[in-house]
Amino acid sequence: MFDVVTLGESMLRLAAPPGEALESAPHFDVRTAGAEVNVAATLARLGFRTAWITKLVDDPLGRRLAADARRHGVDTSAIVWTTTGRSGVYFLEQGPLPRGVTVYYDRAGSAFSTLEAGEVTWDVVRGARWAHVTGITPALSAACAATAARFIHEARAAGAKVSIDVNYRRKLWTAERARAGLEPLLASADLVIVARDDAREVFGLDGAPRDVARRAREQFKAGAAVVTAGADGACLADASGVYHETAVPAGEIDPIGRGDAFAAGMLWGALDGDLRAGLRYGVALAAMAQTYLGDVAWVSRQDVLAVLAGRGPKPVR
Amino acid sequence: MFDVVTLGESMLRLAAPPGEALESAPHFDVRTAGAEVNVAATLARLGFRTAWITKLVDDPLGRRLAADARRHGVDTSAIVWTTTGRSGVYFLEQGPLPRGVTVYYDRAGSAFSTLEAGEVTWDVVRGARWAHVTGITPALSAACAATAARFIHEARAAGAKVSIDVNYRRKLWTAERARAGLEPLLASADLVIVARDDAREVFGLDGAPRDVARRAREQFKAGAAVVTAGADGACLADASGVYHETAVPAGEIDPIGRGDAFAAGMLWGALDGDLRAGLRYGVALAAMAQTYLGDVAWVSRQDVLAVLAGRGPKPVR
Amino acid sequence: MFDVVTLGESMLRLAAPPGEALESAPHFDVRTAGAEVNVAATLARLGFRTAWITKLVDDPLGRRLAADARRHGVDTSAIVWTTTGRSGVYFLEQGPLPRGVTVYYDRAGSAFSTLEAGEVTWDVVRGARWAHVTGITPALSAACAATAARFIHEARAAGAKVSIDVNYRRKLWTAERARAGLEPLLASADLVIVARDDAREVFGLDGAPRDVARRAREQFKAGAAVVTAGADGACLADASGVYHETAVPAGEIDPIGRGDAFAAGMLWGALDGDLRAGLRYGVALAAMAQTYLGDVAWVSRQDVLAVLAGRGPKPVR
Amino acid sequence: MFDVVTLGESMLRLAAPPGEALESAPHFDVRTAGAEVNVAATLARLGFRTAWITKLVDDPLGRRLAADARRHGVDTSAIVWTTTGRSGVYFLEQGPLPRGVTVYYDRAGSAFSTLEAGEVTWDVVRGARWAHVTGITPALSAACAATAARFIHEARAAGAKVSIDVNYRRKLWTAERARAGLEPLLASADLVIVARDDAREVFGLDGAPRDVARRAREQFKAGAAVVTAGADGACLADASGVYHETAVPAGEIDPIGRGDAFAAGMLWGALDGDLRAGLRYGVALAAMAQTYLGDVAWVSRQDVLAVLAGRGPKPVR
Amino acid sequence: MFDVVTLGESMLRLAAPPGEALESAPHFDVRTAGAEVNVAATLARLGFRTAWITKLVDDPLGRRLAADARRHGVDTSAIVWTTTGRSGVYFLEQGPLPRGVTVYYDRAGSAFSTLEAGEVTWDVVRGARWAHVTGITPALSAACAATAARFIHEARAAGAKVSIDVNYRRKLWTAERARAGLEPLLASADLVIVARDDAREVFGLDGAPRDVARRAREQFKAGAAVVTAGADGACLADASGVYHETAVPAGEIDPIGRGDAFAAGMLWGALDGDLRAGLRYGVALAAMAQTYLGDVAWVSRQDVLAVLAGRGPKPVR
Amino acid sequence: MFDVVTLGESMLRLAAPPGEALESAPHFDVRTAGAEVNVAATLARLGFRTAWITKLVDDPLGRRLAADARRHGVDTSAIVWTTTGRSGVYFLEQGPLPRGVTVYYDRAGSAFSTLEAGEVTWDVVRGARWAHVTGITPALSAACAATAARFIHEARAAGAKVSIDVNYRRKLWTAERARAGLEPLLASADLVIVARDDAREVFGLDGAPRDVARRAREQFKAGAAVVTAGADGACLADASGVYHETAVPAGEIDPIGRGDAFAAGMLWGALDGDLRAGLRYGVALAAMAQTYLGDVAWVSRQDVLAVLAGRGPKPVR
């Protein structure tokens, strides 16, 4: 029934407005954000049927997290609702260099971090074509790690393909713990996505992106591996070879969510049976995502194709 | 599959912020609004499964109209998408008396006004328990009038119950045309809702609300008729008698959407098989709706019950 | 050529937003304000040809003061421009009682306070039907007092009628100085407007509004005198008798500018040769003015007539 | 060295703007708030030397909490800084009735809740004239309860007087636990402040405010007891008798902080050796506080005296 | 009496704030915009006497369109007012590349599109030195095309000079229709302005800007022709030769209105009898215009001269 | 008791928001600003004990100026309060080049400009390690010049070191008057900071920054002299030699306050007894300051050290 199902936490993103500081801003812009829901939302915008599994508090903040996923078209019927716990929050301040982006997580004790595999109705996964999760989920708690493992198990058992975005978060666990936690999940994944820096820091995979992609694919026995390298574009290694795609030049309004947009592009290609097209969709979506405030680019499939065709929007008056 | 399905137009609501004027406000607050989608949204918030039939332009504004319905939980899979036409707009300015509320419609030529019955996949209605529409829809165009008639026909044919909120709009048609257009739809409806002033102006039904309710029920051979009378509360006439409910005292932030909130309350009662409870839900929801900017009250079922129990929110610090 | 010409200062009005404090608000709302320009602006909105004489600094702030008059339709070709001096400013904070309205003037040394009669091209007055000034202008400086006297002189000499709104400002001069400064201007004015409290404090005219109006007319040998009494309405004394008009009930968003709106209404009546109609226009405009943030009500002639006809705007959806 | 020292938590107050909902507001207004810091801030504004003891995280949010106290003039040198834990947060939505005020606390695990008596440099209390704390502090954790007890002990030992505002919070502890936790602190306090509803709910003291005040004083063997009764004003019982003060009529922008403003007024009187004057200051400050967005009224001593003298701000133009 | 008179439509420009999307922005920034009114406004700011002919609805939105022209000093007495039809609107979203600028017109059925030549009081043109129109006007409707032709005819007949800015809009008509519609207007114009891309797309004039300018002048038998080439500056061909001016380096806040600012600069030169100076004014104004949100640069003549003198504003603290 | 005491004026900074114009912005962002208070604020943020001497009006605006210094941790007990005079204001508009930064001062007659040496309680200076003032203070009035001289005299007499930032303001005095006014203050200062352009314009010191620094040190017989050269970094000349530090690459949000941030960095080094470290702190702080709206960078000591270590904030999600 669904093209892609994802599992992950969504948080309130409370950001000092552009140019302001968390210490003094009179208001914080409120958006919602989470790697896996970003992927589901972007794919829904592109016309795919997506669902998202999470656990939320049944209060205005939790309802907001669900509503913001639905806005983009994500199915939220598989959400586990609770009346205890809290909604994860992160505070964000960003400015030009040397200021950059600073994130203050306040997510300990979130409802999601208590999600047990037994709480989920796994039917939603069983009918899906792909299941997607990132390395953030198993980092959040032992319960989340077990639920992520079950998620992958259920997907495979039902014949769905599995993709994993490594998404290493230094504030959540050490590189050693991340490696130990992620390797079992990555083993035999159909698609692994990893940032160049994470590949080195977590898995000791150093070198040119194309080499890292090839070695990552081998090491994880994955169907395909993609290494993202920011301004240097991205490399895909699959059974047929290694491919590179250059980054799409883009101004930067808000870099957060760029990686999730890339992952959505890869899955678009994967769903169409063309990972190399996915690489192109990914770099285009990553470029577009950083021109919007917030994690998700408010674009349509047609907008992405126009950027790839070099026929992006132009001034008309 | 759905508890309630509605059919109607949604518009961009562009409002001068509180205290400002349309002629000079530096920005307009953007919300979306339409009587039938408001009802579907409120019922979805209360936990019912609702769907909404409309026709939208596939551009950012049209997608916004759909997204804002989904946010509340309304199913939007039955929407008819088009690449021509425009999104209806209305401009709004409001202030305390003697300024009041002024609405400038700019909805001619909207995508919805071109909706033909043949464009709709009527399956969504066939599985529903109730079908709800207001007197605005047939007022918009001949196509809309025919589609509204078909909507009611499909509902009845499939065994669904039908409710109609008269919602007379002087800017859309004359009282004479409204009467001619609405009477066939109202005939034998399971539930008719009409404002005291509309009953008099359109149908010549004058007098105390309880009398008007009783006579409206008779005249339309309706299962039940409800007359709303603002600060005087509302009256229900059904097979068992006539009932009155006083208004819930409420401050006023934005009166728009109050009537739709009331209708949603009536349908809540109807779905629970208790129209008299619906009357209570209606006056509570109407009161709550006018304390929010925008058409829809961001409330839960529990919030409504708390107001009815006199246990509304209290300051805690 | 002009129906009404006014002479006076306009200032930047820097206001803490509703609910905020001057000491902490992150931004100040910027509007422009001045008793005489408010009157000219309101009359221009009603369809009259009005011009405004003032002196402004030729920089963005001064240009803003002129532009905001033009927006409403006031002719600004008679403005005296200078490259020295400053723009008058006032800081405003308001809240519900017991907080109320507090104004901090910072207008000393303004360009207007240096306006000499010899700088003005008086032709603009010579072709006018009415000349209007308030008691604020002569309070600002000796130069302004002389210019106000000349303004009245030029108007009379050319056959224009003269109206004066007493507008006593305790922060600008004492009651004694106000009396001495205003009596020569008021003498033989065609229309004098004075608030009940000002009549008592400046001129010792105490008692019921109707008595004060009659006695003011006699004392100043004015064609007509009007006493405003807030919620108690206003009284007009002219050659034909004394008339009272009740206030129009109104919610309050921002009381500033209410008196100027009333004066504009009186002049509307005067221009139509019907001061008693002016009294009605005045109370309606005063009521409407306090429902808008800022000094001037963004209304049309038709809006005022609708309020007087009790057919004010009503919700339509 | 200080007139008043207080001990308590401050939180980020994240509020949906007026008319908006937490579920949908695009931004949250950010202010800081806590009962004891509100009292210290208000007294600092009135010209008293005040200090505030708390525990904060040394990051932008924690620094903001300290900075917002300093803004009003509160000494923050006694704050205990930490690099672990989090800043307490509460989410706020308010609207007219029946919507009212709803607060969602997210304060578990805050830095303050871990404050041990041994972390505080108690010198700041030793030199103070008064020490003030509310019933919120002991409700937060066992550590906080012990620290509050030590605070009172240190104050007494050094000859300072002690005031306690009961401030019962149902969301933090039950009435039974509150009673058990508060009675030891209240015993022999120099001044006890309690809301009428809290007196009944926590201590079973029912009846007219004047009776409750007298009985509370006896029960707690307090120097004086004050019972606040909202629109019914407040009653003081001290050695000389029982006194009542009517509430000052006031519009309501934001009721939060009203009680803290009242407490500050009582302490003003206490510091001047005149509790009956304190009662008058209290009702005036409570009225003023609710006309400002945020917890603390941005007023001066002179503003309060003007309200009491009936010479509050008036429109001047 | 006027230096320049222009004829054209003005629309409400409803823009998602910087970084936001039309699909989700909580408010839209409201400005007014239209090529010909932009030119009149900029010239008025520079000290020239300008008037603007258009047709507007007499409601708050139509009045806003007129008021925003008056703000800059444009005479609006020649506007044709109507009580039917609607105000044209366009929705705007912009971001850094690859997002760029996207405009959604909603201007069909606007009041202006119904403007018949017979409705205009042509006296305003007869006394003017220059008449200016763009290629947008004839594209809007047959009525507008006829009115534009009459506008040019009236100007010529009265001895005024005529300038035309090609301003091709792909969303309004095809290149073929544009060519057929514009050639009669361009024939013998005193000044033709055309963007390099439009020259190629509409008239098949390809090549270096200087060649295109020369050939355009010949083809249209124009007094002078100017080709604008964005970052490559602009080229003027007149009887004395061909001249090139480099672009003024400028950051970009909002590119819309750049071309109209350039046209205003050319007309400034033309009014001073120095087209080559106009070329310099044009590139300076175009650069300045894109540093302001909105279509019109809020600059004075002195500001432009300072930029040209390289003495632009500098930080002073 | 204090590490650094500064003397100077603070003004309300009323700025058109980014992209907007002073002539049309609907609100002005309000911040407070003054060279010397900026230095004291930045040093307080870094953990130093700082105090600031100024003269303020005891009204909401004056209290705001004090409160905004306290927010950062500056001691305000040495402020001289008055009930007459006004608060200095400056209006600010900025945009990308060629628009740049434009400041309109409205500071004549400010309370500070009337500050007499005899009004200050000089004890605050006597206990300080460093006293800092800029060339703006003596430019404001004869009284200010005398007070600045006394400030330096008191500092020296008590053994404090003295630093002076030349900060030449063309709008306040001519280069000749500046030279005559500043040379006596600069003579024998422990640290002189001067911008390259000011060195040339005021003191005729032309050439490479390193040469200017050396010659400035000699000419003023200063302990050390620093010349700032924007993108070219800064040069320090002291007894041990001449040192250069390159600028830290930085995006620009708001350049105002950059120089004050640099001065604070120099003083940080000076207080640590390491002027060369101060040079590094200075360029880092200057870079960080221009990434914040407003004059003062909301940074901690740790943030600055991280930038210097190249370990600035990085995206984490």
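As written, the chain order gives the labels A, B, C, D, E and F, with residue 1 at the start of each chain.
Quick note on the criterion: a residue touches a chain if its C-beta (ideal position, glycine included) is under 8 Å from a C-beta of that chain, and two chains touch if they have at least 3 such contacts.
Just so you know, these numbers come straight off a predicted model, no measurement behind them.
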Chain located farthest away, centre of chain C as origin (C-alpha): A
Which of D-F and C-D has more C-beta pairs touching across its chains: C-D
Gap in Å, rounded to a whole number, between the CA centres of chain D and chain B: 45
Where chain C and chain E are represented by their mean Cα positions, the distance between them in whole Å: 39
Multi-chain contact residues (two or more partners), chain F: 18, 21-24, 26, 60, 63, 67, 71, 298
Partner chain B, residues of chain C touching it in the complex: 18, 71, 248-254, 284, 287-288, 291-293, 298, 307, 312-317
Complex contacts: residues of chain C adjacent to chain D: 18-24, 33, 35, 90, 95-103, 136, 167, 169-171, 255-256
Complex contacts: residues of chain F adjacent to chain C: 14, 17, 21-30, 59-61, 63-64, 67, 86-87, 89, 91, 93, 104, 106, 108-109
Residues of chain D defined as touching chain F within the complex: 58, 60, 63, 67-68, 70-73, 298, 300
